[in-house]
Structure formats: C-alpha cells, structure tokens
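Chain lettering (A, B, C, D and E) follows the sequence in which the chains are written, and residue indices restart at 1 in each chain.
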C-alpha cells in the first residue's frame, strides 16, 4: 500500500522548490549541475561507507525507499491484535497448544514475533522464559533495525557538510582567479553555492525526514512487539479473556480499545 | 478558557516585529511576500509529511492551536484531586465499589484516567494489576501524545532550514545576473533574505514556543496521571483517608496541600 | 546575604564591555538603542510567554534576581545538618517523638523537608512510607523548581535568535535602499548589528549564567533533601548516633565530615 | 581481511574531491599547502594530547587505521557462536568441565570473553558469580574501548575549529595589508580558506566516519559478549541444548538462527 | 610527576600557531592585543562567576592547572590495588581487623576511599552498610568533582561567545566610521577579528581540552572507587584470596590482570 502522505510530501517539497525557481528566473537550467550533484551525493555516500559497512548502508537506503509504502502500526492494527489475543486465550484454555497452532493464519505464522511466541509455547517454556527470550529477541531486533535510522541521520549530517566543502572549493578557485576577470565574480559565486543548496535540500527533504519516519516506524513496531510479548506471557499464565483484554487494551488509545462485550453483540 | 499568556505572547511578539519594521521604513510592504511565505511554510509542511503521517501532522497542528486555550494542570486542580481521592477512600471503605461508582460526576466518568481506574476496581483487579495496567495505559498515552511536541519541534528545525534554502536560491539567481545590472544587487539580496526571516520567525515565535508548551502540558498531565494511579492503588489497598492524603499531597506544592482537618473545620 | 561572586561577575562583565567601547570610539551613544533593546527583550519575553504560562515565567525571572543573594547549600550547612540529625537520633531514642518535636527551632519547623519529615514521624509512619512520601515530595518539588532553570535557558536561546531577526530586518531595509545612498551603507549595517549584539550579550551575561546558577542551586537542594530523607528514615529505624553520623557523612566532603568524638571533646 | 566498504569509501571520497578540483581549475597545485595541513593536523593532534594521554591518543589512531580491515561481528559469526554453545552444553553435561576445556580451539582459548568464561567455570563459580564477574569485565572493557571512538569524535570537532582559526589568521593578515595591494585580495582570501577546507574534509572524511565505525564495532562486540555471558550462565546451570539454542538465538536475526534439528539432518 | 602529553600538546599547539603567523607576516605584533585579551578572558571569567560561586570557579581553574601533572589512574595502579586487596583478604582472615589496620601504609591511610573502607570495617559495619555508605560517599564525591569539568566546559562555550561580541562591537564601530575613511576598512576588520581568534583559541586549546581531561580523570577515579568499594564488601564477607582476585580482576585489562599464582612463583 502506498503512503500518500510521503508521496504528497515529496511532490509538494520538490514542486514548491521548482516553482520558486521557475517563477524567479528564465535561466533555470543553471540549477542543474551533474558535477555538483555527483560531488555532494557521492561524497555523502563515500563517508557513509567508511562509517558503516556496505550491507548496512544498502539496508538504510532500502528503508529510505520503503517510506514510500505505508507501513506504520496503526491503532486499528493494535485493536485487531488485542481482539486476536482474546481469541487466542479462549482457544488455548479450551484446546491447548495444538488448537492454538491450528488457528493461526499464514500471515501470523510468518510474523516474526507471533511465530516466535507460538514456537516457545509449543516448546513448553514457562512465562518467565517467554518474557526473557521474547524480550531479548525484541531488543536485538531493535538494535539491528535502529541502525537504519542512524545511518540516514548521519547522511543528513554529511550532505550539508560536503555541500559546504564544494562551495569552499568553488570559492577558492573563484577568488584565486578574481584578479583576471571581475565580470565573472557573480557567476562563480552562483556556481559555488549550488553544492551548498544540494546538500541542504538533500538533508532537509530526503535524509532527515526519512530518518524520522524510519525511526518512528520502528518505535511503533517495538511497541507492538511489547504488546505481543505481554500477550504470550498472559497466554502461558492461562489468564482468562477479560484479563487479556484489559491488560492489552492499556497499549491502545481509549477510543480504539477492544471490548469482548461490544463485539459479541 | 482562553490562555491569556499565549495570546499576550503572540500579540506582543508580532506587534513588536511590525512596529520595528514600520518605524524603520516606509516601504514595509516589501516584507510581505506570498511566494516566500508559501515556499517556507509549504516546504516545512512537506518535509513534516515525509517525516510523519498525515494524521500525526494534523494532530500536531491541532495541538498547536490548542495552546491558545488554557489547559495546564494547575496546583489547584491537583489540590482538588487529592481532596476527591480522600473522599473516595471514605466512600469506598463505607459502601464498597458501588457507592464509589455512584458518587462520580459525569466529568470524572469521562476522564480517561479516573474512568479506567474505576473500571478496573469494578472488575475486581488487585493493587498490583491496577498499577501495571494503569501504568501501561499512562505510558502508551504519553508515547502517542509526545509525538505532537516532537513534530512541532521538527517543524521548528525545518523552517529555518528551508528559509536558508530560499535565500541561497535567491542569492544564486541574483549573483548569476550581477553582471548585467549592478543597481539591483541590493534589492535582490533584500528579497533573498525574506525567506530566512520568515523561517527564523516561524521557528522562534510559533513552532518552538508551542512545542515547548505542548510538551510541558503533557508532562504535567503525565504527573497528574501518576497521582491518580497512586490514588487508585491506595484505594484498592483500602488505606484510610489520612494515608491517602499524606501520600498524594507529596505530589503538590506545600502551600497547596490538602488537609482533612483544615477543610473539615 | 548578598552573593559577591554574582555581583562581581555582573559588574566585571558589564564594566569590561563598556570600557572596550569607550576606549575604541567617541560615538559610544550609538550602542544605546531603546528600539533595538525593546525588540530583543520584548520578543524574547513574548516567545517565553507562548512557551510557558505567565506565572511560570514570572517565577523564573524572580529566580533570576535571586541569584544576587547567596543561597547555595554549602558544605558547612550540610555539616551542621549531620550534627543536628545526630542530636535528633539521641533525643528521639531518649524521649520519643514529642521530645523531637519540642527540640526543633522555628527555622527547622518552617523548612519544607524537615517539617514534612517530623510531621510524618508524628503521624506514626514506618520507614518505608517515610522514604516513599518524602521521595515523592522531593521529586515533585524538583519537577516544579527545575522549570525555572529550563525557562531561563530557553530565554538564552530565544534572545540571540531575535537578535538575528532584528539584524536581518535591518539588513533587508538597508539593502533595499542601497541604490539611493551608498554613503549610509556602513551606518545601516552598524545599526542592524546592534540587535545581534544585544541578543548575544543578554544570552551570555544574563540568561545562560543565571540559568546555570539556578540549576546548580536546585541540584544542591535536591542533594540536601536526599540527606534529610535518609536522616528521617534512619531516625524512624531508631538507629544510634554513630550509624546516623556515618551514613549521613557520606554526603559530605571528607574534610567537612562531622564527628561525634571530635565535637564532644 | 580487508574491509572493502572502507577502502571504497575513502577512495571514492578523495577521488570525487580531486576530480571536482581538476575539472574546475588548472591551478590545482594551489590546493596543496603543507603549512596549512601542518597547522590543522598538528593543532588537532596537540589539542587531543591535552585532552587525553599520549597512549590513549595513539590507541585511537591505531583504531582509526584498523577500520581498513573488516572486523565487525557478523550475524554469521553469532550463528556459529550459538552453534558452538549448543555443542558446549552437550559436552559439559556429558563430560564435565575437563571435557569442555579439552574441546576448545586455540582461537577460543585466546578469546578474552570465552577464555574468561571457561576459567571461571573451571574455578567452580556458580551462575550468579559468573554473571557478575563477566558483566564487570564486559563493562570495564567497554569503558576502556569506548574512549577510542570518543577521541576520534573529539578530533572531528577540533579539526574544523582549527581550520577556522587558520582562516581567521589568514583573514587578519590579508585585511591588515589590504590598503597596499588590492589585487591580492582574492588570492589572500583563497589561501586563508584552505585551512577551513582541510579542517572540514578531515572531520567529514576521516575523523567522524572512523569514529562512527569504531563505535559501531564496539557496540557489536559488547552485544557478542552479552551472548557469551548468557551462554556461560546457561552452561553453569546445566541447561540442555534446546534451551541454550532458544535463549541464544534471541540475539540473532531470525533468518540466521541456529537450529539443532536442521543442522543434524 | 609532570604529564608530558599535556606539556607537549600545549607547546605544539601554541608553537604551530606562532609559526603560522611569523611565517606569513612581518607585522606579527598585530596579533597581540592586551585590550582584546582582557575583554575575552575577563568576560568569560565574569560570566563564570555569575554561573557558579567564586570558590567553585577557583577549584575549576586549579583543576585546569593540575592537568599539567600526570594524575590518571593507570592500569598498573589498578593491578597494584588488586594485588593489595588479595593481601588484605589473607591478612583479614588470619588476624582480623586489627592486623588489617596495622598493615596499611601511610599513603593508604590518607587515601579517601581506602581510609573510609577501613574505618567502616573497624566500626563493625556489615557488607550491606559498607556498600551503601561507600556508594553514597563515591556519588557525592563525584557530584562535587564533576562540577570542575562542567565549569571548564562552560568557559569553553562562553569564550568564543565573547570573542564574537568583541568582533561585533569592532564591526559596528568600523562600519559607523566607514564613510570618512575607506582606507582603514581592512585594518578595522582585522582588529575586530582578533577577539574572535582569541575566543576560539582559548576554547579549543585551553578550556575544552582541559575539561575533557579533568572529566576523564574523574571517571577513572570513580571507576577505581568502585573497585575499592567492591573490595571492601568482599573483605567484609571474608571471601578468600582467589575470589577477591577474580572479582576485582574484572575491572582491569586482561593483560594487566593480577594472578596470585604468577606472583607467588
């Protein structure tokens, strides 16, 4: 599913920028410079490769493109999860672990957190072990994932830095030649500033916003995994459906809370 | 209820700014540029939409407008809460949960934290469960709410950034044309600086102050919810009115502390 | 009592600044601009009123002026406190809570922390409750107080921001008029820079230093309150004078530690 | 083993920079200035020597060069570790500590964490002591190691600072001579800017990226040591192979998890 | 003992700076300005006096000078401490507290942490009390000491700030006079920049590096105090020499660990 807000944001951001340029000058081609773009993007990428491994940087860039598809954990999703766990608690109290395993949809079986929880219950672990193992898995998942947001943020710091490097190089060349040809002073300065513009734009329209979204997504996923961990711990304690509902509802917005009574009617 | 300090702050901030301009130049219309405003505001909004979802950004903007109405948790409110919990403890010890439910005002029933506490007590949860469920609900509420302050703060970072982008674009265009017409150098620079001015003003008079207020409000609400959670835990432990009073008074300023003795006289 | 270091600091800071100006130019009146001062101070105040409530800002400004009086918790004060608690432990073991209440000076009775501790002991609370209630009171006091340092720090961020706004406004007006009158370019720039100067000076000589002092003072007060809390917990456990002395001495600098033996001789 | 991503990153970063210069000016020798390089690099090094001890700075520089060799803890390595601990649990349950000591490879014996774990088990420590001692060793190792990343980061802050110092010195000299020879204004400014360029480049292509890599490496090592500590605690509890596998797998990416069943087939 | 790395760092930093100036201009006296130095140093000092008390600022300046003498806690020192505690454990198990007190060197008796530990053991405190009292003493020592690094860091922020104030003042005066005498424009700017240069140099060569060193030193001392606290707790538990050795060795680098067996041979 496509994330409309990301698409709208990118379109509006670039559109406003292009409009601002076209409405102010006829010589808008001057704002396109392959050499400047290569320098800023290339150096940012190069510095990222020194900071992190190739695979890590690739994952971060993949995560950047994935912000185009809606993937956030909505309150509706959490509501459905609570409902499902309430069902689980009934099925498990009635038919044991085998009924529980049978009732899972394919999507649930392939879900990392739910799959792990079912597997641990099938192996007969007690509540304390389930909490420790699912907690460790959740934390190590978070540690691996959070690197993506960190890399995008780092790129958002390098990009304006290398934009400034490009401008200083341009300034030095221009100033060195100043004696010969005063007429080109303005044009030289204009050219030198293009890399700063690219760097700031890349940081503010691409790296920083996507870093924020990736991080936010992962925080919501972490939160969802806490709910699932709590759910499995309660399951293994054979708590009844109402306790399950009340405990897990605490993770949701009041207006989205699941109620057995409402939904049974 | 209107928040006078916010109104006074905004009026004074804009007034001083307008006064400073009008007293210094006759050509004050030059400071109004729809194109510059659109670029700064639009790009800030666009970058926010990439960083967060559409609904989240809307909630943040709604929270921004709500700073116009007074909504902070005052010490007087906390004093009234302590008084109320002392009453609750007497009613609950005398008449049990049904008397407690009957004595609630409509406002209290609709209050998220008090409503949840009463519901949990009605379901017969013990003190430990009440602390866990109310704590989880409080934390997840905080996690959802704190996003608003975070978004406004992010806007306060993007706005000057895009103001600078606008100025760099203006500078590049101006410098590129410098050869032709030296006379307009000043006017071009003046125009280019308008976006920086808008960006800095938006950040310093709008986004950063409202982000600070939203965050402060939510911290005070979190604090109030801690008091309420403590209150319900003490209720479920059937502590007497004096213990309730002493434990909850610790959350308030000494001069505003509630005393059964004083108020009975 | 007046804080000499604050007085000396302010006098020296302003003196050096005035000296630097007078020794460099005859036209020193140019550095005084009521309009510029109003813009920077007024806007900073306005932005603070949007960020925080009127009462909170007033308290912060009051705390700013109170830095003129010495109010830090000295090691000597802590030494005296330890000595007093050692006396308390003897009195309490001999004569119970009534002797303890009788021996308090008026200043001690009015002290928030000591007063609360005595009150709780008088109500017959056990050590665990004393620790919880005094800890909650200490934390909520800290939460209220720390806002003052936060507000002054925020002002220290707004002031240079609005100084820059003033300079940009000045620059825009000057650049717009540049074509007409080249001779006034310098004077215009000089005027425009005054607001930046005011903003930076206010932040560096007023808001940031007083914020640092207010925060430091409150941290020392928090520390003192920890000592007092520990003291009352030990009292309620009826620990003897030597244990009281050793436990509380840990909060003080070795050279200032109190010793029953030394002081008895 | 050489780290290709570091090599590619450095080559690309420098290559792009050189290309940008050569394609823009014939006078590219102007960008080489031994005096400027000495000032920036030397002062950065000098400030580091004041901040930290000589040996510490040397270790940080050594760690900087070691980023050229691949040394990160891969998921494959963690997979192999889990497999190995599952084997350990079988060997230990069958043959006790002597069999366990015999089965170690030389590499394992020389590994700090594994070696310490085996030694502690050989000395007969119980699980609680093993957790405390290995935890303390892990934390003190981290404290010593993390200094390297901190030093490189500090250098990344000093380098642009001294670059700016160089530029200000250049500016002052140039401005002081301005009256005499207006023609050299540009050349003087160009020269003055070289130190800023060096400082920013050093920070963005060398100090900051290597600091990020060193820190990331050490975080992964810390994570690996947590897995090993957990493994030895489980060993000393004589947990069976399946529990060992499930507990340690939680530290790994789902797709890389080790399974006794899969690998036995 | 003199710290060579600090001496070398300061000499190299100042030397490189002087060399850079002398090699570029004959008019190097221009870089010496008592008025500028007074303004930057004086204002920084003044702002520090408002932020902190006179005694605290004096202690920070004393700590700044003490960075000239080597005082860091080396791994060799920690090795010797472990060895000593292993001896203590034998002596204490054989001869009790009196033998332990007798075997102390004068240096050990005067050491704050060791002295406190011995005193507490002499007073007959149990392990739990020793941990609490030594922990409190360690934390309050840290709280007092860490202020020094904080003050030096604050000075490192004020110095460039007041350098900028000086430059703005210079600029304003120069710009105001610009109309009269264009020839002195350069000289005026050069003079105005001197204060910025002083501010940046003071921050980067003096305040920030010494703040880093002071903080690092105190962290190592805190770490050493943790080792000593652990040692006394183990002593009071009458643990044998091997346990003492293994527990305390965890605080040291593997290559520096103390072994009873090695040293007995």
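By our rule, a residue touches a chain if its C-beta (ideal position, glycine included) is under 8 Å from a C-beta of that chain, and two chains touch if they have at least 3 such contacts.
Computed from a predicted model, the values in this text were never measured in an experiment.
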| item | value |
| --- | --- |
| Between chain B and chain E, the fewest steps along chains that touch one another | 2 |
| Length of the line joining the C-alpha centres of chain A and chain E, rounded to whole Å | 41 |
| Geometric centre distance via CA averages, chain D-chain A, whole Å | 25 |
| Touch-based graph of the chains, sorted into line, ring, star, complete or other | ring |
| Starting from chain A, with chain B taken as the next chain, the full ring order | A, B, C, E, D |
| Residues of chain B defined as touching chain A within the complex | 35, 38-39, 42-43, 45-54, 57, 112, 116, 120, 123, 125, 129, 132-134, 136-137, 140-141, 143-144, 147, 154, 158, 161-162, 164-166, 168-179 |
| Interfacial residue positions of chain D with respect to chain A in the complex | 3-6, 8-10, 12-13, 16-17, 20-21, 23-25, 27, 30-31, 67, 70, 72, 183-187, 189-190, 193-194, 196-197, 200-201, 203-205, 208-210, 212-213, 216, 219, 223, 242-243, 246-247, 249-254 |
